[in-house]
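First the structure, in the form of structure tokens, and then the observations on it.
Every chain is named by a letter (A, B, C, D, E and F) in the order it is written, and numbering of its residues begins at 1.
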Amino acid sequence: MSNPSTLLVVTAHPGDFVWRAGGAIALAHSRGQRAVIACLSFGERGESASAWRAGKNLEEIKEIRRAEGQKAADLLGAEVQFFDANDYPLRETDELMQQLIDLYRSVQPDVVLTHAAADPYNMDHPKAAEIALAARVLAQAPGVTGPGEVIGAPPVFSFEPHQSEVCGFVPNVLLDITEVWETKVAAMNSLGAQGHLVDYYTDLGKRRGVQAKRNSGPNLGLPVHTFAEAYQRIYPQVTGELN
Amino acid sequence: MSNPSTLLVVTAHPGDFVWRAGGAIALAHSRGQRAVIACLSFGERGESASAWRAGKNLEEIKEIRRAEGQKAADLLGAEVQFFDANDYPLRETDELMQQLIDLYRSVQPDVVLTHAAADPYNMDHPKAAEIALAARVLAQAPGVTGPGEVIGAPPVFSFEPHQSEVCGFVPNVLLDITEVWETKVAAMNSLGAQGHLVDYYTDLGKRRGVQAKRNSGPNLGLPVHTFAEAYQRIYPQVTGELN
Amino acid sequence: MSNPSTLLVVTAHPGDFVWRAGGAIALAHSRGQRAVIACLSFGERGESASAWRAGKNLEEIKEIRRAEGQKAADLLGAEVQFFDANDYPLRETDELMQQLIDLYRSVQPDVVLTHAAADPYNMDHPKAAEIALAARVLAQAPGVTGPGEVIGAPPVFSFEPHQSEVCGFVPNVLLDITEVWETKVAAMNSLGAQGHLVDYYTDLGKRRGVQAKRNSGPNLGLPVHTFAEAYQRIYPQVTGELN
Amino acid sequence: MSNPSTLLVVTAHPGDFVWRAGGAIALAHSRGQRAVIACLSFGERGESASAWRAGKNLEEIKEIRRAEGQKAADLLGAEVQFFDANDYPLRETDELMQQLIDLYRSVQPDVVLTHAAADPYNMDHPKAAEIALAARVLAQAPGVTGPGEVIGAPPVFSFEPHQSEVCGFVPNVLLDITEVWETKVAAMNSLGAQGHLVDYYTDLGKRRGVQAKRNSGPNLGLPVHTFAEAYQRIYPQVTGELN
Amino acid sequence: MSNPSTLLVVTAHPGDFVWRAGGAIALAHSRGQRAVIACLSFGERGESASAWRAGKNLEEIKEIRRAEGQKAADLLGAEVQFFDANDYPLRETDELMQQLIDLYRSVQPDVVLTHAAADPYNMDHPKAAEIALAARVLAQAPGVTGPGEVIGAPPVFSFEPHQSEVCGFVPNVLLDITEVWETKVAAMNSLGAQGHLVDYYTDLGKRRGVQAKRNSGPNLGLPVHTFAEAYQRIYPQVTGELN
Amino acid sequence: MSNPSTLLVVTAHPGDFVWRAGGAIALAHSRGQRAVIACLSFGERGESASAWRAGKNLEEIKEIRRAEGQKAADLLGAEVQFFDANDYPLRETDELMQQLIDLYRSVQPDVVLTHAAADPYNMDHPKAAEIALAARVLAQAPGVTGPGEVIGAPPVFSFEPHQSEVCGFVPNVLLDITEVWETKVAAMNSLGAQGHLVDYYTDLGKRRGVQAKRNSGPNLGLPVHTFAEAYQRIYPQVTGELN
């Protein structure tokens, strides 16, 4: 249970890993853990409205989003692999699946983060989650081809969608990210194309922080200004201690 | 998050804390933690069929069940307080509620275990859970009278009912109890009146153990023969680390 | 599994056993089985608007509703026991509970029918269901006082509320009542105070009949004009044959 | 409702029809009914870890799994058709769908068994269920090409996944398989590749058996040692009798 | 919120827009609004049993269904666009998706109606809903190619499936269609191939009408004979007034 | 549907009507409608921690909370009736129920607002909702005694609990309260005892406002800075127009 050494984050678009899991990523890095991001598309169609309105073409937009995503990953202290698998709609292909299986086996993650199972505002998000979960199961099987060793059974957490209740997201884990909050803010600000969301996710960080304090046991001693991210476990937690 | 020093278990009947949470209790004791059981009734009507058939009267049966419950608690290493609040049906009274509030404040629990919110086979079980949760909230409020300091916000876990799916119980925590399994078996065997259930709960312990292994991350290293108990969190987990 | 000899129906008000379970009752009677109705109140406040508007007093209205209920039960071929436990709101009391336990033990039902667990249009309905389920569990226990033998574990079915989806009612049993349909119609028509509902429940009987045909296996051979009632099981069906 | 003459079981992998539905299959055979298994893949990648580790190649493994599956089907008294449609991941193709439609029309099943709708541990399981349900609907339509007569509306039951609660599986049917239990054990033991699961599913059979006894009406008279399998209906049960 | 000028209805088959949404369409037309129907297939395989039994071939049947669908749309006062994308099974293709995106952008709907998210009786229905929702999201994005302006965020309503509870359909909107009821009846009667359903949906219209009256606030003043259609919102309602 | 003239808000404690429904109340007042608040307790035990810590006694605290509640109601433009029915725990009594029935009949509300059905953080909240719904049904019945005319069937909306997802709250209505936002802020600030929550609910108002803009149809034209409150309908909406 102690010292998970590698975190794998599978997202549909570059913005997702910043808004939704930036704190968890920065936290892993700050503790000397390896953090790897599998970014399935550049969000070139679905998350780049202002660039399209400014007259950029597809390749230019991909480059912009790649640069932004790389910069945000650098700020968070993570490696990022771009799969360029198209968005709007993101589709599951044999090629994408094999690449992701290979990544799982190469990275041997101890913890996996991805999208929630439903999102009526964006069909790429649940599709990315479906792909992430299927690739994880495939990477566990010796009969599935690919380099490297099969993986174990790392726990998977859904990070928070934009409108939680409508997506059926019920957080059962609140992660205290207070100590890396400034890092998350810096990464959010680095995403030029979607800067208007920084306020929204700053408020959310505060809101989840207040809830973390309200749900804390007597010994936790959270600071006055706590920031948190919300997650939902896919599989039961296995533990040697209830707390 | 480290070293929770006190565990409080609120059950409707004496058998419940053994079958459903005996492992968690023994584990707490084995680590030097204090474990306190609030046993709201003796199960004198609902869990004592053979004693009634043998012609015992109410007071005799209560004494038998009290002795059994005390012995099981001793074996598990826990203190037990019997509230003698009647069973079948267990009812919420102002007196019972105040006694339980006082216990919360006296014990200052770091973790609370109780029944699940529904059980169509036994109406005392959800009632005990409702009482346990309400008393916990009341014990948090300075405006509610009673000796001692108000409590914090200890996490609450539902333990497993007899037929999980029909009770809407979806385990999201699997607690490894392998190291105290023999202690739990001894406590189960001490409950003379309900000995036929030992096999059932032994099988369940193995079954949950297999599932714990299937859900474990690479670093957990569970033993070949793992025994586990299943729990469901009522409130979100607050944590500084995803694992 | 064959030849259940006694049916027990627990309802909040007289109308309920006719609108919601009249077919099942008539079917039991037509097969030589005993059908017993436990009618907890007369529906004197909540289901007697026209009588109140006509200036009747409480006792007069109870007598009217008792006579109607008795007549409907006679038409369906059932015994009916009125508990006169007040409606709007119906409340659980020790006295009512003991009377119902006694009835369970006296009747020894093979099948139990009652209301669904939720109904935002009428708080008496879920309360009657809660009472019926608790009394059934209490009647199983040798430690609960009362005459007669303890009962076994008869299956329980919820009958259909007035607006199914809003009440969370999901039918998983469609009972073919075609052969007793005219009897149900006669019983519905005997309820003078609520005659405007006959059309509504006639349409419902047809609708559930069409669905029964759509869900029938090849061997069932339902007639062209099938009437049905919808039910939801509370406990798993135990069977020696899947069909 | 009486004497269903043909059972069709649609599974993703050979092991599934043994672990999850072996009792229902053996029971059908013991009563002179026809049982047909549609095994969509050989489980060659996802359920054959030890063979891969032993250095077998794909074709060898398929042959091993085919032989095992055939042997288990023989022991249970069922015909088995292997579709060799690949696993990990199993995919819906027009060819597979047409073959399955043809099978439905040829077999004219009275009862259909398949996987549950969700399984976060194995994406082939819900995919097989989706395929089985779609093929059943297509086989009902005169406008869908293929030999033979269209089928009726046979009831469909989901059999039990490996970790029921996490898969959203809520059993509403417990099938008493006591009389064929030894046959199921023999079939389980014939699956060399996955022998470590025999204990797990033996415990499950006992556990579901205890629950069957707890949920039985007074007339059922189940034996002391009852074994059962759990199922969940997809469509409402149509019946002429509540029991 | 006032005067929505265009209604877009996306259905799998021609019958669907009549049975399930004919009232809403006629109501829009009666108020001078534009109503456009996107009919993805002709229901040539799944909804044309009698034509196949009469020996018609595929093209003949498509023409029959097209003519019927056109006539029904004319009666309701709507434009209809047939996509001829095949049914049983309806599949999502890039071509179909682009055509539908183009339609969204051309029509600029203020309200969208489509199927519910689940239907175990007909896999085309949830597939059509999935396509309708994805195309709506894609049509919102400047980065998705196609003529015309991107659309806003029109609310989406699921119309009622054939067996609501089994499909998980929980109506949260009841639309009063009394003033156009005769128009809906005429459109239903124009569908020669499925005339036996007119009674079923007439009863449903009455039933939903009775429920509309039961759920109306004091000021609504619904007529004695009210007819209604049931809908379920996908997204939260945005309003300036609670009522 | 037009011009609802009276709003009734039933809350457990004074703070609730400000934090959760202050916008709706102010909006009603600003439109010349009558708004009446039924405040069942003073929150004297559960929401007055600082006053208890400051050594005030029960009567003093009730007076403080009454004054604060009255002031907030005045600022929002509402009448408030305090029932002084005790909190922590709030209990249903015959007296309270009759008083509330009388209020319903006197006020004849067109819209009712109350708590959500579940809240594991505060048992008074769901109890107040249960009381509000039962009193509404009782007030509809001519057979229930009390002055004034029976009421119709006003729609009921749950307002938002403190931690929505954990309470099972899924908003399906977002009310634009931008035009009265300053009034709500003033009312929030008037609640001296709980001033630390103003930031939390200001953030929530912004957050729900952003979501209202994201869910708005093309014609709604919400302002740049929109504030909103979230609600969940208990009963289906009855309407003459989909929008």
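List of remarks:
Just so it is clear, a contact is a pair of C-beta atoms (placed from the backbone, for glycine too) under 8 Å apart; a residue touches a chain by one contact, two chains touch by 3 or more.
Everything numeric here is computed off the predicted structure, so don't read it as measured data.
Chains that touch both chain A and chain F are the following: B, E. Steps from chain B to chain E, taking the shortest chain of touch contacts, total 2. The angle of the rotation carrying chain C onto chain D, fitted on C-alpha atoms and rounded to the nearest 5, is 180°. Relative to chain C, the most remote chain by averaged C-alpha coordinates is A. In this structure chain B contacts its sequence twin chain F using mostly different residue numbers, the overlap staying below half. Taking each chain's centre as the average of its CA atoms, chain D and chain F sit 52 Å apart.
One inter-chain figure worth recording: chain C and chain E are separated by 37 Å, centre to centre, where each centre is the mean of the chain's CA atoms. Shared contact sites, meaning residues of chain E that touch two or more other chains, fall at 121, 166, 171, 211, 214, 235-236. With chains as nodes and touching pairs as edges, the resulting graph is of another kind, matching none of line, ring, star or complete. Every pair of chains meeting the contact definition is listed here: A-B, A-D, A-E, A-F, B-C, B-D, B-F, C-D, C-E, C-F, D-E, E-F. Of all the residues in chain D, the ones that touch chain A in their complex are 44-46, 48-49, 51-53, 61, 88-89, 120-123, 166. By the touch criterion stated above, chain B contacts chain A in their complex at residues 1-4, 7, 24, 27, 108, 110-111, 113, 151-155, 157, 171-176, 211-212, 214-220, 222, 228, 230-231, 233, 235-243. Interface residues of chain C facing chain B in the complex, by the touch rule stated above, are 97, 133-134, 137-138, 141-144, 234-236.
The part of chain F that touches chain A in the complex is made up of residues 121, 162-166, 169-171, 199-200, 203-204, 206-207, 210-211, 214.
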